[in-house]
Amino acid sequence: MPPDGLLDCRGVTVRFGGVLALDEVDFSARDRAVTSIIGPNGAGKTTLLNAISGVVPLAGGGISLSGRDLSQSPPHIRARAGVVRTFQNLEIFTNMSALENVMTGCHCQVRYSVLDSLLKTPRYFAGERKARAKAMDCLEFVGLADSAQTPAGDLPFGRQRLLELARALAARPGILLLDEPAAGLNMKETRVLGGLIRRIRDEQGVAVVLVEHDMDLVMGISDQITVLAFGQVIAKGAPLEVQKDPEVIAAYLGADDRD
Amino acid sequence: MDSASLLQFLISGLTVGSTYGLTALGFTIIFNTTGIINFAQGEFVMLGGMLSVFFMRIAGLDEASAIVLAVAAVTLAGALIERFTIRPVKDASIINLIIITIGVSIFIRGLAMLAWGKDTFALPPFSGDAPIALFGAVVMPQSIWVLAISLLILSGLKAFFSGTIYGKGMLACAQDKKAAYLVGISVERMVLLSFMISGLVGAVGGAILAPITLTSFDVGVILGLKGFAACILGGLGNPFGAAAGGLILGVLESFGAGLLSSAYKDAFAFIILLLLLFVRPSGLFGTREAKRV
Amino acid sequence: MQGLKKDLLLTGAFLSALCLAPWVLPSGYYLTVLIMCCLNAMTVVGLNLLLGYAGQISLGHAAFYGLAAYTTAILTTTLGLPVALGMLAGVGLAALVAFVIGIPTLKLSGNYLAMATLGFGVIVYIFLNETVGLTGGPSGFTGIPRLNAAGLTLSSDRSYYYLTAAVLCAVVLLSLNLIRSRLGRALRALHTSEKAAQAVGIDIARYKLFIFVLSAAFAGAAGVLYAHYLTFIAPSSFGFLFSVELLVMVVLGGMASVWGSVTGAFFLTALPEFLRMFENVEIIIYGAILILCMMFLPRGLAGGVSSLAVRLRGRARPGEDDHAS
Amino acid sequence: MKLKGLVLALAMAFLVSACSTEPESVKIGAVLSATGPASFLGEPEKNTMQMLQEEINAKGGVLGKKLEIVIYDDETDVNKCVLAAKKLLDKDGVVAVAGPSVSGNTLAIIKFFEEAKIPLVSCAASEKIVTPVNAWVFNTPQLDRHAVTRIMLDAKAKGLNNIAIITVSNGFGQSGRAVLQELLPPNGFNLVADEVYGPKDTDMTAQLTKIKAAGADAIICWGTNPGPAVVARNRVQLGIDTPLYMSHGVASKKFIELAGPAAEGIMLPAGRLIVADQIPDDNPQKPLLLSYAKAYTEKYNAPVSTFGGHGWDSIKLIVEAINMGKSAKPADIRDNLEKIKGFVGTGGVFNYSPENHNGLDENAFVMVVIKDGDWKIMD
């Protein structure tokens, strides 16, 4: 195991029926770094995120975070261990306000028992105050503090993306998995997002794994890039190295035909 | 237990099962187009039987024309229900629409009680009631009618859904209303059609079953319950599954009554159903996860 | 924390209204109607926690109501245990059964979950009906004693009514408290997106099970109170139609609204009494009212009242009150 | 809008209830299952009571006052029945109550009558209603025990010893099943099969196939329409020629209609009402039964059933008790009900006493057989 590997995937294999979606993928992400996963459509990028976050079961290989094996853990255990993610198709809680969304993110950070909830004990009030404060911090961080009381479903699309990010931050990630966070955003919003991701890495010291199609964003903020094609890793390295890799160029050219 | 008795249980189970299967088919059609579980489906079956009796007795028609008229009337009723209770609120959530169909079923039951009273009625069997002997067991001619017509309806539906543009359009509506609309399918017309077809299927079922099961204004409740169970057993949205689910449920009950205990036969059938769901969470022949509520 | 004060105030006002009711409606008949309303409301509030907040349907809640009623009936009548103990055991058994069947059942979703809970209800009904030696079978279980608590016999309808009203208010307050907590947020989260809920560390299976058990316990509480009020129970009161009726009360009252559930339960329980004068057309009118309410009040009675209130105040107030009241 | 409507409905309900309080009448209540699964009982009972009210008032009423019968429908539902009974007791202030139609509902409300000290004359048959005797509760139908006794006498005479029973899994079937299980073995019969069917079942082939295999000499079926009609049809379809006895629960023309040719030869104990024209002229019940049947058929254009007769008996017994004591006070009515002797009703000749609140014996039944689509008294 490399000493700097915070998240470590070895030989991750995922099958859907007869289809081999991921074929012995090795992937690692360092602490306090942005690691991007790129690749043509259908390369298995989201599947890899799903495998890491526990949404799809592994057919082989292992996943560990800071040396702790998570290969068999259900998604919520991985989340508690620090693997927190966002979704390509927004999964915000539309039946809550923005603030409540982020407070839900604090679920495992601010704890009190069922009895405290039912009977409104002082512990409940203390916990709620703490959760609220923490959620407000996260909202402020992404620039949504002014929309705290807005029903989440009423927010414009770009702000819903930010809300999801805030909710993920509230869950105090050890590693944050972002699944195409820039999809559907305009240039300006994408720039803001890029800045946020940098700040997450630099100010909060959280490792980020980024799956993204927007190459400007990827090349601008990544410390390390892994390229997937047809369920296999075809290249790894710093942005500039990867950009020059002939295999990567070939994969993208081939993919462009299909697009 | 001798083999003649076992065969008799099977025949009895298939006969009862076809009543569930026919109701289940109606559920499938509306579910496939709208995602609604139509609680008034049992009432369609009831209306088919009761209207046939009514047209025969009061209007003095012969049985065949009475049944044709009854089926036409229930098809129309299906259209009216869609037009007046479902279409005006088509943006409502599925659970609200389901509650509306519960209201409709109560309403129809009330009307039927007021119109025809609370008595039970019988319809004469189509081709006499001389039992046919079969390896020591007996089959009623009406049971053969029921099984044959059920098969006919089933294959008709199969052909309709996979072979015609309307059928495919209806399936498309269930998958994604907006997309169906975008490719030029009139969602409203498809939903209307689905209510009419399931009215028709229900009414045919009600009419051909009435000679065996007898009919009254309140038979719809239990048929709806068992029909829904049959649907789920077979896997929602699959007409073949619905029909098969009905037959399986009927056979389970019949063997439960014959071999275990007649008092617990329904419990037996439902326990099997639950166990099956725990192993196969979307029914025997179900493919997609139908999460709607 | 403003919502909390509002909850307390509303619950207090509701309790006082319930307590004043016997003076306004002096006959014992109205008391009985009100007791039935309160009992149904308890069950419906619990069912709404499950359905409206957590998004998990149950068509088997009548079974929990019935199981609890029969448990206390058998313990107190056949075995002669104290009533209070029987009641506790009844609620406990309902919760325990919910726990046991909830583990496999709650893995299902949507219509399949509806069927599984419905099937469970039917099975319980059949056992209540057929185990004649234990339950008295279809003709019912007679001679259940009234409640004696701390040397105080709650034999008069009025004192029993106060007890029922108090329990209902406790159920309402507990539910409101629950919704405004991290638990409530977890439930609403898994309703909208199980994936996202898991992604922030929420153990969805555990919360589903918890709320299933809690709502079964509320139904059980109503069940034991019912048994010791009527002193007679029969399986026909706990059939699948009652489960459906409870579901209708939830939706008609308003999904994800505790006060909506109370309104829905009171409305639909008392409605047939108002319709009595229509005799044979009663059922038709009942059906029509149900259809019209669902067509024109898509968010239920609670939604109708709150949008009326909004219109009266002339402004909309977004925020957590809309969701958690 | 909604609120206004509710207030209006409330106000209306108050108004209606206020108007119905009329001091110059004797008010009797009735809770009947006019709708729901037991409507075959409740509807004729309700019709009969309405007919009786007109008839009695046309003849000058009760104690010189108008007779008013307040009838509520309980929809065969326990909770609705409790509410209806409460309304009669607490709001309408009736002096006595007739009904309910089914045993479960009766058992559910007995307690309230004991508390309110108002007599209840039930139209339901269960023995639990009158044993142990509750001071305030009476019933009018013949008991299951009496019906079973008649069937056993007939079976014994024919030498049928191995009996199979098939009963419906509701209150009616359950109480019949209990009595059959209790009485058959000690009277020298073998119970060779004990099958059950659901009230809404539409096929009893499986149960009958089992009974056929059990080698019974006779089958006894205990249920109410439409189940027994299905049993009769399935029996013929399966080619079973074992004699079939039914309970008195099918003693209405509807059964013969539903079972069709399969009804031929079926035997059952029944009240004399359905065979009124066949009973000897010296039977004290004959004139009453003929006139009741005629009046009912004329008024409602429907065949008379013994169930309506329970309604007749309940109301007439209450009225008789009022007339005996010249008092419409509930306690007096109760006391006088216990003193009624030799009262000729549709169900038989009633002899109430402090120990017997049913008042009938097995002579209330005759055995009838279905022949050529009609009832025929057996010798």
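As written, the chain order gives the labels A, B, C and D, with residue 1 at the start of each chain.
Just so it is clear, a contact is a pair of C-beta atoms (placed from the backbone, for glycine too) under 8 Å apart; a residue touches a chain by one contact, two chains touch by 3 or more.
Keep in mind that this is a model prediction, so the values were computed, not measured.
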Farthest-lying chain, centroid of Cα atoms versus that of chain D: A
Selected interface, B-D versus A-C, where C-beta contact pairs are more numerous: A-C
Per-chain Cα centre nearest the global Cα centre, belonging to chain: C
Inter-chain centre distance, chain A versus chain B - centres from mean C-alpha coordinates, in Å: 48
Whole-Å separation of chain centres (CA-atom averages), chain A against chain C: 40
Geometric centre distance via CA averages, chain D-chain C, whole Å: 35
Multi-partner residues of chain B (each touching 2 or more other chains): 113, 221, 263, 266
Multi-chain contact sites of chain C, meaning residues that touch two or more partners: 130, 280, 282-283
Sites on chain D at which at least two other chains make contact: 35, 169, 196
Those chain pairs that satisfy the touch definition: A-C, B-C, B-D, C-D
Touching residues (chain side chain C, partner chain B) in the complex: 55, 57, 104-105, 107-116, 118-120, 122-123, 126-127, 130, 240-241, 244, 247-248, 251-252, 255, 280-284, 286-291, 294-295, 298
Partner chain D, residues of chain C touching it in the complex: 27-29, 31-33, 36, 129-130, 132, 137-140, 142, 230-234, 236-237, 272-274, 276-277, 279-280, 282-283, 301, 304-305
Parts of chain D lying in touch with chain B, wherever the complex brings them together: 35, 37, 39-40, 43, 169, 195-198, 200, 202-203, 205-207, 209-210, 212-213, 225-226, 229-230, 233, 237-239, 254, 257-258, 260-261
For the chain B and chain D complex, residues of the former touching the latter: 1-2, 5, 8-9, 11-13, 15-16, 19, 113, 118-122, 129, 131, 138, 140, 212-214, 216, 218-219, 221-222, 254-255, 257-258, 261-263, 265-266
Chain C residues within the chain A interface of the complex: 1, 4, 174, 177-178, 181-186, 188-189, 191-193, 195-204, 210, 256, 318-320, 322-323
